[in-house]
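First subunit A sits with subunit B, and in the next complex the same chain sits with subunit C.
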Partner chain A sequence: MHLFLLIGLVAFTILAVLARDLLKAAIALAGASIFLAIIFFRMGGYYVSVFEITIVAGLITVLFIATVNMTRHQEQDVVESKWPRIIFPLFFLLFLVVDFLVMKKLLGTIPALQSAETGTFGEILWGKRSFDLIGQIGVIFAGVLSVLALFRKRSKHD
Partner chain B sequence: MTNAWFLDMGAVAVLLIVGFYCLFTQRNLIKLFIGVEILGKAATLAMMATGLEKKNVLVAQCLAITIIVVEVCVIAVALAMIINMYRHTGSLDIRKLTKLKG
Partner chain C sequence: MGFLEFLIILIVLPMMVAGVMPLIGRLSRRLVPDLIGNVTFFALFVYVIFVAKRLLGSNPAIVQQASWFNTPLNLSLMLDGFSLLMLLTVNMITFAVALYSIDYMEHYGAKANFYALLMLMVAGMNGLILTQDLFTMYVFLEVAAIASYALVAFGLEHDGLEAALKYLLLSAVASVLVLIAIAILFGTVGSLQFGDLAAAAQAPEMRGVIIFCSVLFLVGFGVKAAIVPFHAWLPDAHPSAPAPISAMLSGVLIKVSGVYAMFRIFYSVIGLTPSLTQIILWLGVISMFVGALTALGQTDMKRMLAYSSISQIGYVIIGLGLGTPLGVIGGLFHLFNHAIFKSLLFLNSGSVQYATGTRDLHLMGGLAKRMPITAATSAVGSLSIAGVPPLNGFWSKVIIIIALFQAKMHLVAWLAVIASVVTLWYYLILQRHAFFGKLNEAWSGIKEAPFWMSLSTILLGLLCIAVGLLFPLMINSWLKPAAEALTGPIQVALNFFGL
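So, the complex of A and B:
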């Protein structure tokens, strides 16, 4: 089952990259997110699975589709080059071989943790990782201010 | 390390290569950010798989949520920039963004 989910995830991401229509690419990316959320759920990451479905599969897909619609009538003018389609499979095979060899050597060097974690998700998120939350709040504010700055109306002096 | 972790890391490697392929070869601005999104998925999957393997799923979840939040902000700002660029150049082709080229 896990293998099929991973294959589905990879298949949808490849579809998202290879699809010529941007709308189909965005929807394929949402499909990949749903597969990833199911994988997280099976791993026991219930909260991150909910985040993946609501934010990545939901919000980001809506943002992509809105952008595609706002820029739609001239999207076909981007001509992609042909040569990467020939070189990519060779590069991909080479990457897999190197990746397999490197990972086999790295396996023994990953340090084991002293003890398994205790407590609930809330205790760890608000207690141990509270500095992350401050960073997240900062990033969200920075994002909102940036979007506002990019869409502000021009004054007469500009 | 278990077989499941190897499988997950294999999928992470494939996602990384697909994301980098998208970044290096595509010329459409929206496609480029689809590539960034795929790289984010690879990072999240690697985090969760290793967290599960090391019996630290809760910390892995916290970090994965942080990655997702940062990813959303990056994509939102990037798409706003893409719309602005489209209004200026009338195209989504990255080769036409050469006004600052010396």
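So, the complex of A and C:
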């Protein structure tokens, strides 16, 4: 089952990268995200799974699709380079070879997983990772302010 | 402990002001954002010099636990000599940049948003410097990075947007590599605290994991620091950004999110092995040379400065990678000095572009007659970066070169000397094309940069001279504790200079 989920995740991710149609790429990304969320769920990461489904597969996909639909009428025929279509599969094959040759050996050298931070989601988020929360607020601020700055209209005063 | 003694102020204050800045921008387009922005950055600078420095005192390091209404939070900040030096560098340069921005950012508009993003960039860097947790370091790395993407493209011109996209894509790859390394270490050790990781890294069975993670960190932070061959984003991003942001990127961001993060992890967490030292050292040598030789062929003033940053980061990497006490002092000193003179030179290039509208050196000429302050401060910056005595760049370069000779690395030492000569060569080209010779007719009507822009460059120019003349003071009060935080007691190394 895990192998099936991993193949699904990789296949949808490749589709998202290689799809020429932005709408199809966004939907493929959502598909990959659903596979990832199922993997998280099966591995016991229930909260991460819910976040992955709601935020990435849900909210971000809606934003992508809305943006693509809003910009479609401005699309022009642009000649795309063929290199990504050649380089990406080659790189992927190279990655598989390296993965097969190196990772198995490397993973064998990693000691047994230690018990990580334990506690409920709330305890970890508020009690143990408080500093990260401040950083996350910073990330959200930075994102919002970037949108405000980059999508601004220059007024006549400027 | 009084409220003002909480180091978290360095993160929370700029973040809070960034939060209200867009609202302030609706009330006042220029005056109030300028005032609040500059007062905040000045307060942060003063806080580092007086409060943070006093808090550290003669301790090797202090750890502060924050609390919320007397409930202790699991939020600990660590301050040692290395982080204090980085805090000084970041907040000092940001204040100079903010002063410069009062006039320079007038024609870009949306000043409140500009200051807000700049504050988030600073909050991200301060957070990254003060944490002792690997994942928190990553989160704050992203805060600074996201703000910097937007700031590179702030002018909304085609070049800036394209450069920001390229920067974003390469930086995202770097962040993913760093994140993978963090995930592997967390999965293996079960903790993200520097101390726990450092203790676990000593175990022989961790060797494979440590080597693999070292490679990921080296490439990831190598991209952020723009070390050759991971530098492709920098020559586009730095020239395309507005001048104050170019100064921030070259002056501090590549140092904090690249050099500081890399060496904090290598020195304090996973350890610097002899093979890793050799790799870092030679990456530094390649950066130093490739950057210098590429800068030599540039005709775009800001692009020349961008390649020069790659070259100078090479010196920093060589000093810190060498790992000897004197090498570390030299590397840290050059990091600090480069922040000053590279910010100065980028701000000067902004003043020239502000007056002439061009960055092409072949279209300039004789600007010293119309822009004497810019020309004079640019000469100070150029001579400093080229390592001409008694300016600050001379001392840091000479310390690195002596450290190399002491470590019997004669070839690298001579290469560093040759690269310094090449640096002098292309900065003389820059000076000659831009400021000396006959005044180009087209620029007969231009004026010197406005007051705040000139004041900022004068302050940085004076700093180059003052740090050069008072370098023993700088070494004893700021650099010695910083180097000791990385390598332990260093008095033997300082005896060489009679300090």
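Definition applied: the second predicted complex is superposed on the first by the 131 of 158 C-alpha atoms of A that agree within 3 Å, B and C clash if a C-alpha of one lies under 4 Å from a C-alpha of the other, contacts with A are read in each partner's own complex, and residues count from 1 in each chain.
Everything that follows uses one rule, which is that a residue touches a chain if its C-beta (ideal position, glycine included) is under 8 Å from a C-beta of that chain, and two chains touch if they have at least 3 such contacts.
None of these values were measured; they are calculated from a predicted model.
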| item | value |
| --- | --- |
| Which superposed partner A:I65 touches (first subunit B, second subunit C, both, neither) | neither |
| First, second, both or neither for A:A26, with subunit B first and subunit C second | first |
| Partner chain in contact with A:Y47 - subunit B first, subunit C second, else both or neither | first |
| Which of subunit B and subunit C A:L150 touches, first, second, both or neither | both |
| Which superposed partner A:F95 touches (first subunit B, second subunit C, both, neither) | first |
| Touched partner set for A:A142, first subunit B, second subunit C, both or neither | both |
| Partner chain(s) touched by A:L36 [first = subunit B, second = subunit C, both, neither] | first |
| More subunit A residues in contact - subunit B or subunit C | B |
| Touching partner for A:I134 - first (subunit B), second (subunit C), both, neither | second |
| Subunit A residues contacted in one complex by subunit B, in the other by subunit C | 110, 113, 116-117, 128-129, 132, 135-136, 139, 142-143, 146, 150 |
| Residue ranges of subunit B touching subunit A (in the complex, touch as defined) | 1, 4, 6-11, 13-15, 17-19, 21-22, 24-28, 30-31, 33-35, 37-38, 41, 44-45, 48-49, 51-52, 54-66, 68-77, 79-84, 86, 90-93 |
| Parts of subunit C lying in touch with subunit A, wherever the complex brings them together | 8, 11-12, 15, 18-19, 22, 29, 66, 73-77, 107-110, 113-114, 116-117, 120, 123-124, 127, 131, 133, 135-136, 139-140, 142-143, 146-147, 149-151, 153-154, 156, 184, 186-191, 203, 205-209, 212 |
| Residue ranges of subunit A touching subunit B (in the complex, touch as defined) | 2-3, 6, 9-10, 13-14, 16-17, 22, 25-26, 29, 32-33, 36, 39-40, 43-45, 47-48, 51-52, 55-56, 59-60, 63-64, 66-68, 70-71, 74-75, 77-81, 84, 88, 91-92, 95-96, 99, 103, 107, 110, 112-113, 116-117, 119-121, 124-125, 128-129, 132, 135-136, 139-140, 142-143, 146-147, 150-151 |
| Contact set on subunit A toward subunit C in their complex | 106, 109-111, 113-117, 127-132, 134-139, 141-143, 145-146, 148-150, 152, 154-155, 157-158 |
